[in-house]
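Presented below are the structures under discussion, each in the form of structure tokens.
Below, chain A partners chain B and then partners chain C, in two separate complexes.
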Partner chain A sequence: MDAFLNQLWIARWPLLDGLITTLQISIVAIVIGTIIGVLVGVQLTYGSYFSRMPFRLYVEIMRGTPVLVSVLAAFYIPSVMGLSLTAKMAGILALSLFAGAHIAELTRGSLQAIPVGQIEAGRSIGLTFKQIVVNVLFPQALRSALPPWINTGVELIKGSSLLSLIGVAELLLNTQEVIGRNFMAIQFYVFSGVIYLVINIALDQTARIFDRR
Partner chain B sequence: MGYSLHFDAVWSNFHSLLSGLAIGLVMALFSLIAGTVIGLLGAFISRGSVAGKWLVGFYVMLIRNLPLLVIVLLLYFALPQLGIRLDKYKSFVWALSLYSGAYLIEVFRGGLSSVPAGQVEAARAIGLTRLQTNLYVIMPIMLRNVLPSLSNTFIGIFKDSSIAAAIAIPELTFEARRINTNTFRVVETWLIVSCMYVVTCSAMSFVLQRIERRFPKF
Partner chain C sequence: MKRHFEEAVRHGTLQRGTFMFNARTIVIFGISLAGALVLHAPANADKLDDVLARGKLVVGTGTTNPPWHFKNEVGELVGFDVDVAKMIAKGLFDDDTKIEFVSQASDARIPNILTDKVDVTCQFVTVTAARAQQVAFTIPYYREGVSLMLKSGGKYKNYDELKAAGSAVTISVLQNVFAEQMVHDALPEATVDQFDSVDLMYQSLNSGRADAAATDNSSLKYYMSQNPDQFVDSGYSWNPQSYACIVKRGNPDWLNFVNVALRESMTGTTFPVYKEAYKKWFGEYPTEPKIGFPGELR
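Let's look at the complex of A and B:
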């Protein structure tokens, strides 16, 4: 145990850096993913059949492919298109698109759960469609969408560990590098596992509190 | 831009993509079977006693909040330190089973609570023992009710099998990355591989929906 604590003290900065990168990536991805998801979700619920098609295709592709494939595709494809993205940017791109598809589906689900009468009532008092969406539908949809939205955050923190495979120095890759130096595989994998657990359980409990309301 | 699509390089390697797909499906199937065992055991144990409920809840919370990649690396790289050495296929299938087991416990727990109380009471009333009630009354009703979530979990497990690429198991994602670095046909490779995943998942959900329709719902 002493040896582990000693090694942990030596490795504190890379691990802390990794943790910060993990959080940073997840936060940026959930912000971009939410913007994409809400816009696509509204389109999927209220768009005409043809305007829904491209968005449905996007959601189906993202939900049908593993996150790892999206991550690798986002890492390799932009460079041949003449765009140079860093590994971190590519990872954020992939995770945002993944989160966007999930949030689009849960936005659609919560919007469809709202009784049609609410839209009709809004229209009858003379609100425009935009006003109905913002003032009538969103506040109601928010209540049922909030817990699964927080769970998408848990999925993103878990998914960000996949970026270690394209060389982003997040928590897991830095843990692996530390293990490469001191060969304490169990101790350090368990240590970073506990960090993931603490963050995700905190998020999960928050989701449960909102779920009860 | 100056990039034109040439699919030849990928097609000539298509057999390795297919074998990768097969490896992924087989690993997913084994994990589904082991995960179902874990899930059923967990669901019944958590209904049995308070201690059991607490223990199973702890397991579910632990596994669901850990990234699968961490579990995979822990089993493959850290267990040998304790003298337990598994080959990569075995350790990956174990990791995926433990992971999907936690999700399946939740599925079966939901299924158990969906069994109408009247059915259980009727079974007790005609003199079936506890075991018989569980086996002949609760299980068939529950299994039918969880079939949709079970097929969703199977599709999820299949997608998660892509993480086996991290420990160099030659499944679909690993083969795609290999073709990608060997031929530099980047766009074509990922296009085809994404299509293969999407088509496989859609085909699976189509077949599983057909199976669901053949059983009457309670």
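Let's look at the complex of A and C:
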């Protein structure tokens, strides 16, 4: 145990850097993902049949393929086309598209759960479609969308560990680098596992607080 | 969903154009995105010119395998692969800091070369004819093999004594489908004890459960240099494999440049740099190049 604590102290900065990168990537991805997801979600709910199709395709592809496949695709496909993304940018791209698809579905679900009477009521007092969406539908949808939205955040933090495979120096890769030097595989894998767990339980508890309200 | 949509349209609440994308916008956006990507074609001159014009070398390597490429305690990327890459940068710019390392997993070595993510990869790539069909190998800069490490002052002194002892010796080895066969190639009757991590394999030798540990020659040399006077090499190595850097096929000037930089580091003007790197990571000096007739041409 002393040996582990000693090694942990030596490795504190790389591990902290990794944790910061993990959080940074997850936060950027949830922000971009939320923007994509809300726009696509509205389109999926109220768009015409033909304008819905490409968005449906996007959502189905992202939800139907493993995140690792998206990560590798985001890393290699742009370079084949001559657009070189850094590993971190490719990782953020993949996770944002993944989050966008999930948030689009939960946005659609939340909007559809609102009774049609609400739209009619909005219209009867002379609101435009845009005003109805922003002032009538979104506030109500937000309530049911918040807990699954936080779950998407939990998925992103876990999913960000896959970026270690394309060389992003996040928590898992930095942990592996420490293990490569001191061979304390079990201790350090457990340690980083506990960190992921603590962050995700904290997020989960936050979701529950919103859920109760 | 459909009901919701139709109700909204029937009641006249939907005025799409203002808030959402219509089908035409989507198609135009898709076509222009694809067009932008296709038009962005890479330059076609030899890679050597690109690298010189850029003013820095982009090298792919790993970050988790000492003594080849790993992060030291202060977080710097170090190792023999890293030093070899610096020799190439030094040759290009007379400055071994004009280099950018791209961290990559072992499976990414060939894909990252093929997609131009890196100019060269030096990451203990074993040379095989099958891989040479996909990427171009430089000349090798190290020959890896399997060696046996014994405790100094222990029951057995060298390979001959281990072999003579037959089935009485126990060899610790990293778990692997071919591990048993690999040990038996050198010690046909030895008992093989497999471990699933490197530290357990060494621990078994330290505790006396095993009489020798069999693993990569480079790992043993590094471990022995980290723990001086505690272990000895049995003096026998087998299973040769060559490590070389890889570059993209179809860039003859670039391949030739990297070859020259590596060859002269092993036989010519920059040998002192190679020699010190070798000593640093493997704990001993390589044999000096012989003056007179160039031995590599014999």
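Methods note: the second predicted complex is superposed on the first by the 213 of 213 C-alpha atoms of A that agree within 3 Å, B and C clash if a C-alpha of one lies under 4 Å from a C-alpha of the other, contacts with A are read in each partner's own complex, and residues count from 1 in each chain.
Please note the rule applied: a contact is a pair of C-beta atoms (placed from the backbone, for glycine too) under 8 Å apart; a residue touches a chain by one contact, two chains touch by 3 or more.
Being a predicted model, the structure only gives us computed values, none of them experimental.
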First (chain B), second (chain C), both or neither touched by A:34: neither
Touching partner for A:110 - first (chain B), second (chain C), both, neither: neither
Touching partner for A:81 - first (chain B), second (chain C), both, neither: both
First (chain B), second (chain C), both or neither touched by A:66: first
First, second, both or neither for A:190, with chain B first and chain C second: first
Contacts of A:169 with chain B and chain C, given as first, second, both or neither: second
Partner, of chain C and chain B, that touches more residues belonging to chain A: C
Chain B versus chain C as contact partner of A:54, first or second or both or neither: second
Touched partner set for A:21, first chain B, second chain C, both or neither: neither
Partner chain(s) touched by A:204 [first = chain B, second = chain C, both, neither]: first
Residues of chain A contacting chain B in one complex and chain C in the other: 76, 79-82, 164-165, 176, 179, 185
In the complex, chain C residues that touch chain A: 1, 3-5, 7-8, 11-16, 18-23, 26, 30, 37-38, 40-42, 63-66, 70-73, 75, 102-105, 107-108, 111, 115-117, 197-199
Interfacial residue positions of chain A with respect to chain C in the complex: 10-11, 13-14, 17, 39, 42-48, 50-51, 54, 76, 78-84, 87, 108, 111-112, 116, 119-120, 122-123, 128-130, 132-133, 164-169, 173, 176-181, 183-185
Of chain B, residues touching chain A in the complex: 1, 3, 61-62, 64-70, 73-74, 77-82, 159-160, 162-163, 165-166, 173, 176-177, 180, 184, 186-187, 190, 193-194, 197-198, 201-202
In the complex with chain B, residue positions of chain A that touch it: 60-61, 63-69, 72-73, 76-77, 79-82, 154, 157-159, 161-162, 164-165, 172, 176, 179, 185-186, 189-190, 192-193, 196-197, 200-201, 204
